[in-house]
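I'd like to ask some things about the structure below.
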Amino acid sequence: MMCTQPITNTKEAKWQKVLYERQPFPDNYVDRRFLEELRKNIYARKYQYWAVVFESSVVVQQLCSVCVFVVIWWYMDEGLLAPHWLFGAGLASSLLGYVLFDFIDRGEGRKKSGRTRWADLKSALVFITFTYGFSPVLKTLTESVSTDTIYAMSVFMLLGHLIFFDYGANAAIVSSTLSLNMAIFASVCLASRLPRSLHAFIMVTFAIQIFALWPMLQKKLKACTPRSYVGVTLLFAFSAFGGLLSISAVGAILFALLLISISCLCPFYLIRLQLFKENIHGPWDEAEIKEDLSRFLS
Amino acid sequence: MACRRGGGHGQPTLATLSRVSPGSLSTCRTHTHNICMVSDFFYPNMGGVESHIYQLSQCLIERGHKVIIVTHAYGNRKGIRYLTKGLKVYYLPLKVMYNQSTATTLFHSLPLLRYIFVRERVTIIHSHSSFSAMAHDALFHAKTMGIQTVFTDHSLFGFADVSSVLTNKLLTVSLCDTNHIICVSYTSKENTVLRAALNPEIVSVIPNAVDPTDFTPDPFRRHDSVITIVVVSRLVYRKGTDLLSGIIPELCQKYQNLNFIIGGEGPKRIILEEVRERYQLHDRVRLLGALEHKDVRNVLVQGHIFLNTSLTEAFCMAIVEAASCGLQVVSTRVGGIPEVLPENLIILCEPSVKSLCEGLEKAIFQLNSGTLLTPENIHNIVKTFYTWRNVAERTEKVYDWVSMEAVLPMDKRLDRLISHCGPVTGYIFALLAVFDFVFLVFLRWMTPDSIIDVAVDATGPRGAWTHQCSHSEKGGENNEMSKTR
Amino acid sequence: MEGERSFSDVCGGRLVLQCRYYSPSCREFCVSCPRLSLRSVTAVTCSVWLAAYGLFILCENSMILSAAIFITLLGLLGYLHFVKIDQETLLIIDSVGIQMTSSYASGKESTNFIEMSKVKDVVINEAIYMQKVIYYLCILLKDPVEPHGISQVVPVFQSAKPRLDCLIEVYRSCQEILAHQQAASASP
Amino acid sequence: MVLKAFFPTCCASADSGLLVGRWVPEQNSAVVLAVLHFPFMPIHVKELLAQVQQASQVGVAVLGTWCHGWQEPNESLGPFLEGLGAIFPHEPWLQLCRERGGILWSCKVTRLQAPAVPDTPREDQVMLIFYDQRKVLLSQLHPPAVLPDHQAGDATASASGLAAVFDTVARSEVLFRSDCFDEGPVRLSHWQSEGVEASILVELAKWASGPVCLLLAGLLSLISAASTCRVFRMWPLSFLGSKLSTCEQLRCRLGHLTLVFSPQKAESPTQLMRKANTLVSVLLDVALGLALLSWLHGKNRIGQLADALIPVADHVAEELQHLLQWLMGVPAGLKMNRALDQVLGRFFLYHIHLWISYIHLMSPFIEHILWHVGLSACLGLTVALSLLSDIIALLTFHIYCFYVYGARLYCLKIYGLSSLWRLFRGKKWNVLRQRVDSCSYDLDQLFIGTLLFTILLFLLPTTALYYLVFTLLRLLVVAVQGLLHLLVDLINSLPLYSLGLRLCRPYRLAAGVKFCVLEHETGRPLRLLMQINPLPYSCVLHTYRLPSCGCHPKHSWGSLCRKLFFGELIYPWRQRGDKQD
């Protein structure tokens, strides 16, 4: 097709990648230098297996906390666990965690955020009063709704909590607020199924402890003392496993498999699949701005 | 807009055309084409694609082809309009979905497009801009109807995120059996070839052009007591407005006799205003807001240095216009920009505040030391680079090649779709192509081509316009009005 | 002189164009569609009645049948009286005006007369109609306030949309009369 | 240019004579108004024309001669007619002739000023246009052309084309006054207005109408003054006046009557038409009202009605009670919150209880009230209807209350839920930028927000159901009232007089003219018949419909549905936000 073009004196004329000169080549000429600026995988990262495993422990933690919550709820629903016990345990553990929270980094975080103990006390009071005040309402809230609906809703909400939880990745869908809200919603739904309003009250407080306060402590642990963090994770995982085992063996097995696959297999596959990555870069890419420009506006 | 180029070129071109000989420069100019430009973007909407289509069509009309333009209705501008030299524009009543691009179902536009292609006896469909859904629809239908297709890609696209992956897939499908593709720069060609997995042989590079008579220098409009930096672009992220917001305070603090003139509108305008507030630069940074295309020159000639901070560009018209107005251009080294101007006319920097500031300081130093070329020289150099005549000639060659090719018959087309676009997408779109074909057969049965009136040519060899036959029903006063019922 | 020629409309149906030249200054063009065929009427009626009968079988209620009959009759009357246009006439009289008459199948006639002093020109124009792009003849009315403007566009032969050849026929002879008119008004 | 001769059909059979008419040079057409028969004295003719001219500012002149076929055509006639041209100099000079057959017409135009060109091609270009003088005289062109100012004689120059012809004929009415039977010096033949006796009656009516109008106008002014005095300005009355549709209707009627009986006469035909329409609609209204009145007060129908009314109200209340019972159970198997359900149900039941007792309290007076209401029908059917709608509004007041409570509750829930849903997603509504921003809440905020969100979400179906049911009831009532208002508006605004005119005298309202070509043979002038093209009924309605005065809900269907969904109050009591805009 292109032979119709009289290609003259290409020998001495050398093709340049410029548009402002008439060059003795047809418009669809393809030079040797075509696509020579093509780069591949310049931003690809190399992963260390154990590092990835360590990172994956966050997911394990979250799964475990959801599992623990469900287990506890089941115990209370069955009446095997007296609310006072749970309340006492929760109170003790949260006090312990509170002390730990400041002890780990010797109060730097508190200084940075400038949050006083009075504020903590206040919010704690708010939790308690509101939950206690609303617990009768919660009790009668969903009695006309069928139990299956409630279960489906809370499963859905807990899944959402797991999906939207902030595992430290900067993706678009991550929203810690949403995940926390979904968890609370689920806990309220489940609590409204419990026999008495005291149960409901305690269930919701427990939900706050395990879904709101515990991850904060985790973050700090992970930041400051990774070793102890790993230990805590293992401990937590085993406790969750045990709790589940006491309810149903099959569920426990499946849960254990899930944890193992997440913490061991998935990192392995990630590193394997890295080899097949092919990411094209070139002059046509939209340049991203490296330095932060907020300093001009602050 | 329609009366930018006064008539008068028409007759001489026709004369040369009439006594063209086979041995002369243009190899196969023995016959002319009926070209149909399809794009969602056309006047009254303003932009690079719009002016490209308009100018190219005008030059092709000069060279004796028949050109019509098909776009979607803008507000109450529906039906059929005539622009300068009888350039006929169909504003089709299709729904606009997202920034001036029509919603596509791949089928609903077939009846009207087919009617137009038949009544205008179109031989080549030339679609513009990969962002325009209508252009892709037209390509799809044209292949179904067995008309040669040409596509011009005006934009660059990355490969990183999900959206670009999807759009690239669609582009692959849409271009896999297009006869020829035109890109505006070599970078754009590489990009398109990679995106659509094309054979680079069928991709031509034909740059955009500017009308040098519109952008002439006027050194008396600028005050040499101060140095003025001009920025003309839409104020959006892709044009690097954030970089600009960093550059302004840096330089304004360093040089006291430095002014900025910023033309253009956009969502990022607010950060520029914040910078101006914060550094008290109201007297030195002028924000002009949205500019008409005709005012751009009057803004450009007020400055010494033109700054372009785009983060991605296929072919930056703005810097060519600025250089044509005799300004020293400082620009980021992205996309096709390095190919556009020679080194002595442009200072290329990395897309970062630091590098751009260095480039600007270099330009200012040259300006103060008087080592810059005078605006007239710059204009005279740039004038020869990009002209629409040249673009039209090269596009015409593409048309000639294409018109000698054969359009794939249905079965081959299906094979190509399936083999070329991957298993899943390939089969899906092959199915869609079959549906399209069935729909076309149905339409042909409903209204056979025989009962479609052949339109009276306004342009082209038998154009009522080119030989002013006023007694034919197209001549006369009805050429600027149309109705849609 | 009388002329009767057969053309087709944009949808392929056949039309008959009759030209009557009463005098050099007065001409009449009459486009007539084929009349409503008995077959289609019977087809529609039968289909409606069958549907009604089906409903009647389903729910034993003879109201449906009577309603169906009533509806078909009313629909037919309405169609003939308001929708179906059999004939469209364009009468152009030099220095008096242009008169457009459309006569319905029921014999009802609606006339629209435009004085020659208001007429600016008669042109053929293109428009996007349904999923087609069609030519149509239209009368441009002068804008009373400023003489070169166009205040309104009156389409001619609106129901029977003839194709271009037929329109050109009419257009030519209209232009003759208009030209004669302009010459006469220019000379005194 | 073609010469157009407008010739009255009534003169087609007249004896030979002179053509009297007006020459319109702009579109070179001759409007023949009458034929002046032989024999005559030229001096008499001239003074007659002078009279006519100064009576009706029209340049009437002798345009030419007219010879009718059935006198024996003698050769002396030709030169004699030529000679007439010398006596009555006119440019151009028409010679209209109708041969024996009756269908063969011929017309000759000679221009004395142009002897050099005896017959230029435009001489033979003559067009005879016949018109019915009476119809053209009486008809009124639409849209009405610019009013020709009566000072200048050639005012019709402004009126273009055919409007000029119409105007000429209309203004030279004095010419037609002269009767062909009275023995004047000259004998004219033109259209004769018949029925003189009727016209005498009309004259009497006109003479009498003046003082009557004055009297009534005085009365009406008194009434209106009374209605606008300070007492009615005070708060409750003015509020009621604005809300009750009866007051609206009365006000509107008052306006109509003042318009009709206003002593100054209508200057333009449209105003005259408007007056006539109003009068007719008022008369019809009162007539219908009286009919209703007679029907009501015969055979103690009021009593029966009153006896029927109380049980109906009771029945409605009972139905509502049953509905509430149903809602307090498990309606349609919906999952409602029992506690809230009970609360709401009891609340509404108590209302109904109140309502029933109220009804029974006032049951003895119902009959008298109805009797007085029935009297109001003599003011017109519309007043009675609007009173009826007011009564309906009063009798269904409990439904309205329920609706308002339900709507308020539902509205609160909806807004709370929407804002809490934003909090649930970790967003918040930015008032300054009018958009949703993301924001980071504290832990306790989140907790309380979610708690409330859950509770509201589970309580929503209950309130929504109550709201739905009572809204439907309310809409039913509103629809009934709307129908009544529609009827009232129809009677108020229907231009009956114009419609009747269009029906009986189609030519009185002319949309324009239409021509039809009479049979034509070559060599003879073209003959057209000009007929009046009557105004279509739709245009009549559109042009002459009286301005309606009703209190409709002003918002469209879309906004109505929106309001219903968001639980905002609809017609008639609006929310404060709506009042502002």
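Going in written order, the chains are labelled A, B, C and D, and every chain counts its residues from 1.
Note that a residue touches a chain if its C-beta (ideal position, glycine included) is under 8 Å from a C-beta of that chain, and two chains touch if they have at least 3 such contacts.
Predicted, not measured: the structure shown is a model, and the values here were computed from it.
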Centre-to-centre distance between chain C and chain A (centres being mean Cα positions), rounded to whole Å: 71
Centroid spacing, where centroids are CA-atom means, of chain A and chain B in whole angstrom: 45
Taking chains as nodes and touches as edges, what kind of graph is this: line, ring, star, complete or other? ring
Pairs of chains found to touch, sorted by chain label: A-B, A-D, B-C, C-D
For a test of understanding, state which residues of chain C touch chain B in their complex under the given definition. 8, 10-12, 121, 123-129, 131-135, 138, 140, 150, 153, 155, 163-164, 167-168, 171, 175
For chain A, which residues count as touching chain B in their complex? 1-2, 4-5, 17-20, 26-28, 30, 34-35, 37-38, 279-291, 293, 296-297
Quick one: in the complex, what on chain B touches chain C? 78-80, 90, 92-93, 111-112, 115-116, 119, 447-448, 451, 453-456, 471, 473, 476-478, 481-485
Interfacial residue positions of chain C with respect to chain D in the complex: 22-23, 25-26, 28, 91, 93-97, 99, 101, 110-113, 115-118, 181, 184-185, 188
In their shared complex, at which residues does chain D touch chain A? 330, 335-339, 423-426, 440-444, 446-451, 453-455, 458-459
